[in-house]
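Some structures to go through are shown next.
Here chain A shows up in two complexes: once beside chain B, once beside chain C.
Now for the complex of A and B:
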């Protein structure tokens, strides 16, 4: 067996619902964001200490935390951008978490998803944070600019009576930055509950591309944020996993993709895929190898995939337009680590194979993946 | 596949996976340490200037018309774009590394000219990495520009003193240039840094062979054949067979005279430091012996009957000799020659003459142990040796050496050890009675800790022997306590299981003795019996 194994290294049961887990860059610490039964938000910082986890710090706030990211923080500063259940975006300094560095009422509803960029990368533009919310808006923030977003991508105001007012607004479930290969270029991909996928170009402030998946989009990630966009992985309800080849955009057909419909179902020990078509909650590319990525499914299983490029990534169609060719997906490894959905996952940026994930069984797990270096 | 095979395969897999996991966890733990240290450093470091110079997006006028296509190399190749290190020096280094990589491809294609140019560029970009020099040295070597190669190696060594490759390549170049002594020096340095380097060992043998050939022809150390010479060859003893005693430098009288044609022996002399370096990497500590004054020599030129070292003991072991060629040539009297059982045949092809005549070729190469079993007890017939030069040679002896006036110096008892390493190092060098004193000097409650993880079966056997030979006869009251403390060591369980029959006998005789002593504690004794497996 020379396949990677996904092994649970440490397990920490917590007394709250875990919503997000993130490694603190350049450290052996990670942050767990969650919601206590009384609706308070909690942020715990744990540190790996050989065979146990040590809780370094615990911060409680009035409103439950939903998501967070270190993407816009420099290595030294360690500012975490956190979105909460009431639509507030705050940037907390890990050293002094009591008083937020930045605090803004960003959305009218819960902030479902957050992504940030520009903290550590150089020549990649300004540090920015993007949030997606239940109110249907996707907003880009720059903490240097007061209380207003730098870009606001809200759906047009709905006509009609008060009751149906919100019905037309889609719930944004996933956002991701990408294509940030220089100071100007930047793209935000947003996925919505109805399966809409929108690619916003921040430089031209326009919608670059739109498509609709069969199911609501739960997770989105570019394989790398700081290169000309290469691949975009999309996960949906009912077990869909799609990988778009983002190099070539056809004028009418858009981006081509490869799809895996069984990504959310559980894989038995003998490799038999069974069970219901569960949601694929999260997709995370390996920081050390962009062609490997992991998906966390609704059955509590996680799967490691490898994207195989086609022989030719671009072909000319009959009209002479360039059309991208999608590659193939291979499942490399799978493991069931929980009875509940694994909905947040984070690879350590510095240590190959080290990851932390949270599941809805109120526990946090540190995973080790072996033999990743063989890919 | 049969069910059995399947089960076996499954088992193997499970085991392998477990190993894999174990190693990853170990790796993870060490990484944790690293990253924690790094983090601490980072906390101390000043705040880095964030890239705040990039304007806020909404403050920039959008220019929709401009359309620049992604032009970086990442766009075309599926290889990853790596984050450029922020530090400008590191960036230079990285750039130089890229250039070096290009050079490496040239080397693979055997285009050394191009590779040299590339490496030179790399050096110009980032002059602080020895690797570029080493690589360029390799190209020069391939191109047979040996002087340039040596220069580059020297540059690399200046940057990194422990640069094995640089020494090795300089050795190769020097060999090709015919600077055998220089090559030898480099070779010994390589071995000093990496004692297990097989290539270097081979080279060392080769260089020595060549040196010897040259020397026997016309070399500065040329010694004409004389009757009654024995060629003593080094014997390679496995480590576990070697004596654990410290080696001592013993003055050796060189009875060779007259010297060969040239007298520039100084040039060829290998310094004591060099010799020590070689041997330190191969064996235990070296104890310096005070050089005795060169003995006054009789004016008669060397009669063949002379002896450099005669040991009264049955086994005077000439352990390590170094010094190629420089090494002393010992002319042994014929009696010795006949009785010498262990002297290998002369390997000197240039003089295949009489079997009785053999040059005692005391030489270098491996840490060799040659044991000429001199049967001369007390050697009454030894004539006063004619001494021409004083040589240092390492001789290990079990007892006194009557060629040397000063009797071997008993090591003074070292102070009680404070740590495990100190104990183990010292322990191996002590004689029996000293071990007894030494052991006694250790606080009994500390003993377990001091033995530590390095406690091995040899030490264990030694301990038992010491207890058996000294503690018991002296009715040392702490005997039981020492035994108990030893048994607390983590390694003890396994060591106890692996006791040899002899050791077991020793243990039971110790216990028999203890049993009969007064003021014994039966509970402690019972425990001890159980621990040591003596029912």
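Now for the complex of A and C:
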């Protein structure tokens, strides 16, 4: 077999609902964020020790944790930014988690999603954190700035009688930074429950583009945050997986994309898809190769994809405008790892093929993927 | 009965029953139809025919190898199916990374004064309002503009005098013009957007970026520098794979700036990228830089030979290939290339003979520039006064064409310049500015070239 194989290296059952798992950069440790049955937040730090997992630290807080990231942390301090169920954003030092480095009431509802940038990129703008929340707002934070967001992308206040206004309120499910290739350029992509995808340009402070998917957007990721926008992967409810070519924006058609339906379902053993349409919860690009990425699906399956560029990425349409050409998606490998959705996944930034993922079956798995270097 | 509730696959796909037959499968050329047949067979709704199914699958594989029907999903395997040798790198890695981890923890106590960019000015993006004024959606925009105009110039239904003047053709023309103007605006916006990216004066921007990176370097520990360098190198590889060679070169540049001591791979990869852009000169100098760090690097040798070959310096190329064969006798690429080149060039042995002679004279010259100067001077005098050595070189001259000698000289000068540059710090900041220290040695070459004969030049190298 020449194709990559997905292999479960270690399995750890926990006593709480896992919401996010993230590797600590340049270490064999990873952080598990979750919610205990009593609603308390829990943060466990595990370390790989030869072929065992050792729990290094466990921290419990009043409010359940939803999501976290190391993206704005430098290699030296490695602080983690965490969003919780009550809309609080805190930045924690792994050594002294009791005393947050930064703490702000960021949103009125749960912080669903978080992304950060600028920690390890030198000369590419300030370290910033972006959060997306159930209150519909997307906010960008700079921890040197005090208690106000540096950029606020809230929906306008609702008009109406108070009965209907909750229905119109959007819920932001996914955010991602991108296009940060110099000190000025920066883009935030946000996905909402109604399928809206918005691309905010932080340099010009405007909405650069928006589109609507068929279903609510669960996961978003640029293939690289710190290069001129190349590709954006979007995953949705009911199994949609779309990869946009972000190099070329057509004045009317926007960005071209390639779509894969049913990416959240298991393909079964003989390629005949059966069972209900399942959400694609998460998409993560391999840090060592931007054209490989993994999706985690609602049926507990993970799939490894390869994006193939077309021969020509740009064509001229009849009006003489540039139109991007999307490539093709090629499923490299698939495996069922759980009976419950796999909703968080993180490749190790420094070790090719090593990953940690969490599923709703209250367990955390360390995975190894072989033969990735052949791509 | 089932069919009453739900159509069978056969009916849904509209495939006649007689298609499920070896003969039809054999001659079918429509991949889409084949996929349907395979799906029907796999579903077992029409009964199980293992042989036919296998045959159909094979046919489909031939017609459409990347069909979605060949996607399989497996239960996840446990790590015990992995070979010990496959698992070992990961276990070793956990040990290696732990030392790095603890080193970083030590570094944590050291204050890092990176001059971070200032905090962004507080601002808001109005989600809904912006989307209406923003350009890329001309469709909703078109109706809004005419609407506002219509309000001003709307003709009341009872205002007959105005209706008499109303010219539908003119109105249509106006609408067309409006549309055109919208389109123009869209284009303008796109143009400005492009400009903001393009007019950044890429060249100077890059130079200043490299300078700033250099300035940042002293704030970083070796560990961090390695880390950043590696990241940029991988970035470069990605760009290379996507055939964006310019971007790849940029990434490799950054990688080299961060960690010049361990930049073997970065130099090597940059050489290939340069080669792909047909910048053979840069490719050669990158190979040389790489060889300075790792003299036995086979890839660098091969690439340098290839670049020389592409430049038309077959002789150079051949000698490098031979060198590769010296320390790696079985190298397939080198053997092939040597065969090809020797058949192309014919007699080559004499040229290597002259090279040997040159090398004999070389060592005392290269020791110091002072000594070199003297040797050169004495050499010139010797040549002028005595006859025998001239004869010696004349022989070589007869065998070796003049052109070759010249190119030999150029590459040697390059090598020299490159060596000096690399000693200066390895950063390829200003390749065009000649190194300043060894003026005598560098400048003498062209002068001699003018004043004396070619034979002297051979001697000096």
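Annotations
To be clear about the criterion, the second predicted complex is superposed on the first by the 370 of 375 C-alpha atoms of A that agree within 3 Å, B and C clash if a C-alpha of one lies under 4 Å from a C-alpha of the other, contacts with A are read in each partner's own complex, and residues count from 1 in each chain.
What we mean here is this: a contact is a pair of C-beta atoms (placed from the backbone, for glycine too) under 8 Å apart; a residue touches a chain by one contact, two chains touch by 3 or more.
Since this is a predicted model, take the numbers as computed values, not measurements.
When the two complexes are overlaid on chain A, chain B and chain C occupy overlapping space and clash.
When the two complexes are overlaid on their common chain A, residue A:26 makes contact with chain B and with chain C alike. Contacts of A:309 after superposition: both chain B and chain C are touched.
Of the two partner chains, both chain B and chain C are touched by A:127. Once chain A of one complex is fitted onto chain A of the other, the partner contacts of A:8 are limited to chain C, with no touch recorded for chain B.
Residue contacts after overlaying the shared chain place A:153 against chain C, while chain B stays out of touching range.
In the superposition on chain A, contact of A:284 is made with neither chain B nor chain C. In the superposed model, C is the one of chain B and chain C that contacts more residues of chain A. In the superposed model, A:354 lies in contact with both chain B and chain C. The clash between chain C and chain B in the superposition falls on 238-246, which is one of the stretches 40-48, 58-66, 184-192 or 238-246. In the superposition on chain A, the residues of chain A contacting both chain B and chain C are 5, 7, 9, 26-28, 48-50, 74-77, 120, 122-123, 125-128, 140, 142, 144-145, 148, 150-151, 182-183, 185, 202, 205-206, 224, 227-228, 289-290, 309, 350-351, 354, 368, 370. Listed in rising order, the residues of chain C touching chain A in the complex are 39, 42-43, 66, 68-79, 81-82, 86-87, 90-91, 93-95, 97-98, 100-101, 104, 107-108, 110, 112, 114, 116-131, 134-139, 183, 186-187, 190, 197, 200, 205, 209, 212-213, 216, 223-224, 227-228, 231, 234-235, 238, 241-242, 247.
Those residues of chain A whose C-beta lies close enough to touch chain B in the complex are 1, 5, 7, 9, 26-28, 48-50, 74-77, 118-123, 125-128, 140, 142, 144-145, 148, 150-151, 181-185, 202-206, 224, 226-228, 230, 247, 289-290, 309, 350-351, 353-354, 368, 370-371. Those residues of chain A whose C-beta lies close enough to touch chain C in the complex are 5-10, 24, 26-29, 48-51, 74-78, 120, 122-123, 125-128, 140, 142, 144-145, 148-156, 182-183, 185, 198, 200, 202, 205-210, 224, 227-228, 249, 251-252, 254, 266-272, 287-291, 301, 303, 309, 319, 321, 330-331, 334-337, 350-351, 354, 367-368, 370. Listed in rising order, the residues of chain B touching chain A in the complex are 13, 16-17, 20-21, 24-25, 28-29, 31-32, 35-36, 38-39, 42, 45, 47-48, 50-52, 54-59, 62, 64, 68, 70, 72, 74-75, 78, 80-81, 83-84, 86.
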